Amino acid sequence: MPKNRLEAFSDGIFAFAATLLILNLAVNESVPLGGELRRIWTSYAAYAVSFITIGIIWANHHTVMHQVGHVDRFFLMVSVLFLMLIAFIPFPTRLLAEDIGKPESAQAAALAYGVTLTLTAVLFNVLWRYAATGRKLLRQDADERVVQGISRSFAVGPITYVVATLLALWQPLISAGMYAAIAIFYVAESSIFGRR
Amino acid sequence: MPKNRLEAFSDGIFAFAATLLILNLAVNESVPLGGELRRIWTSYAAYAVSFITIGIIWANHHTVMHQVGHVDRFFLMVSVLFLMLIAFIPFPTRLLAEDIGKPESAQAAALAYGVTLTLTAVLFNVLWRYAATGRKLLRQDADERVVQGISRSFAVGPITYVVATLLALWQPLISAGMYAAIAIFYVAESSIFGRR
Amino acid sequence: MPKNRLEAFSDGIFAFAATLLILNLAVNESVPLGGELRRIWTSYAAYAVSFITIGIIWANHHTVMHQVGHVDRFFLMVSVLFLMLIAFIPFPTRLLAEDIGKPESAQAAALAYGVTLTLTAVLFNVLWRYAATGRKLLRQDADERVVQGISRSFAVGPITYVVATLLALWQPLISAGMYAAIAIFYVAESSIFGRR
Amino acid sequence: MPKNRLEAFSDGIFAFAATLLILNLAVNESVPLGGELRRIWTSYAAYAVSFITIGIIWANHHTVMHQVGHVDRFFLMVSVLFLMLIAFIPFPTRLLAEDIGKPESAQAAALAYGVTLTLTAVLFNVLWRYAATGRKLLRQDADERVVQGISRSFAVGPITYVVATLLALWQPLISAGMYAAIAIFYVAESSIFGRR
């Protein structure tokens, strides 16, 4: 079973989930626009954090699929579950944008966002570790050091998101800040170390 | 006529129909979010069942197109009708999520969902059997045992969905449960038998 | 300039425009669902007619691009304008579905739909005739009889849609029926003559 | 790291952002449709300007990626930020369409549109100049005159959009007209000089 259609399907869902985020932005048309555009700053922040997060996961998926030589039906099914979580991201993003400023709803919004990204990170690990264990689905010529490097760096994701999610139980605002910080950290790290 | 653009168009519609499912999720912003997130659990369930169902059909479409060597205009037209039903799935999914708990609407919602998936399964069979009869559109080197295997396993889909749909006439909740069970069964079966 | 990314971009827009049509379907959640699902039958009809129409245009675009060997910047720009009309189709489709039954709005709805499809057919002809005149952008080995055949069959589109659109000035319902008849005719013709 | 999946992801976002623009069009269903279709002419204009603008950026991206031979992680991250702005365009497009006629909101709408396109043009320049400086990411056989030509023509974009954006501070309507003029100019220029 070739991997190119899985890549096409995955790229489609990554691209659509990221683009659908824009539908979360809305203004109240009955008041002057200038004030509205300042009021909804959390919507811009949530849009940027989720778009960049999806972009980073897409780039990492790119790295994973580059090491994968072929796929089996189990890998396909885990991919569908993983993509189901990617496509879910626009929903908790809207909740975070609209409810982080409401005392009675901020915790639920930060938890919903964190749980979604924690599950995404966990399933991404399942996907990779299934392919890499015993080099079952890897290319013949996959470099063992690259494989080990991916395994090490992927272990960080779920732990970071579990911490940020648990933080939402006491400090929803700091939890939300941590989701942003994770995205900024990745972009900054790529800016410094990701040049040829 | 090459088949690669049909694959690109199909992958686009599969991926997009699955991603659009997220627009069905909504909360009432005037009450605390925590309660709302628990109240809409049928929306999560319907999202998961439809996403996985579309994912499974996509994976099976992958299998079909792998056996197909070229396409003709009739195959293209049946594909368009088949994809029209795939892209329709988000609508009955929303109905099922919102109306399965309302006594006066549950039956209509479960019927709408079932009729859509039954027609999808029937058209998928028409598509495959047109290609496979007399090996008209198959690759020269398509393995006859694989071809027979697809034909056998595809016969199950319409029957299962007809049964689940008819069930909606008496027991809408059990019908809805059966749609979920079909999706879970496929994922579980792939988890057990779909490993290399 | 290679043509593969234009195909990818076009396939994306064809697939998204067709899939977005589903967002036009909505029911009133405050009345029993069964009646609502019967009441909105014009929405199903409009969805099917527009999805099939986009599918037919996509299949014809497939045929055109198969004859085209390379593209220039003028061809790209006409393609963008053509795709702008394809992506516009969901809007008049919603108007047709919702307003064809309202005496004071049916004419405007049928006109909006017809003008959109007439312009689409005209731009599709501009696109093809620019590529085919003097065989400017065609493949070296493009068969002259196929080229002539496409030119002849494409001439029919704008004329048919102009007639259906003008009909809307007197008989919006018959005009709407003619849009449906055109789609059904193409599918039926392919079913009879489009087999290998 | 190969560039083909970046192209697929980018094409998906370009195509999807352009297609989502149609969701900005809406009419008031409680008044006759004919009048409504004339009243919302700014929505058609904004749809066309943004669709063509995205189409032009897509065609230019096509030109850039044709010169690029491979990508690194920094290029991927800048691409994600660039695509984040492309996917953002539907939001200020809706603001421009709905608010350009309201004295108290026109300026904010024209500024929002201009700032978005200015940032897009700036990031597109960063993307290109990073790839082209020292020919770091270019193909071995990239023609130096083509590379210089792209660099020169790309410098114009941010300047033009900064001027149009600043104009919004005094004359929002003229600013909006300038966004349209830029799009029309590109299409006209391609129509005259873009033929083989």
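General remarks:
Order as written gives the chain letters A, B, C and D; numbering starts at 1 within each chain.
The definition used in the following text is that a contact is a pair of C-beta atoms (placed from the backbone, for glycine too) under 8 Å apart; a residue touches a chain by one contact, two chains touch by 3 or more.
This structure is a prediction, so every number in the text was calculated from the model and none was measured.
Among the remaining chains, the Cα-based centre furthest from that of chain A is the centre of C.
Because chain C and chain D share one sequence, their contact can be compared position by position; here under half of the interface residue numbers appear on both sides. After Cα superposition, the angle needed to carry chain B onto chain C is 90 degrees, rounded to a multiple of 5.
Remark: chain C and chain D have CA centroids separated by 26 Å (rounded to whole angstrom). Between the CA-based centres of chain A and chain C the separation comes to 36 Å, rounded to the whole angstrom. Shown for chain C are the residues that touch two or more other chains, namely 8, 12, 16, 20, 23. In terms of inter-chain touching, the protein chains here make up one closed cycle, each touching precisely two others. In summary, the structure contains touching chain pairs A-B, A-D, B-C, C-D. Contacts from chain C toward chain B in the complex involve residues 7-8, 11-12, 14-16, 18-23, 25, 27, 29, 32-34, 37, 47-48, 51-52, 55-56, 58-59, 62-63, 65-66, 186-187, 190-191, 193-196. Residue ranges on chain D touching chain A, taken from their complex, read 1-2, 5-6, 8-9, 12-13, 16-17, 20, 23, 72-74, 76-77, 80-81, 83-84, 87-88, 90-91, 95, 98-99, 102, 104-105, 107-109, 112, 136-137.
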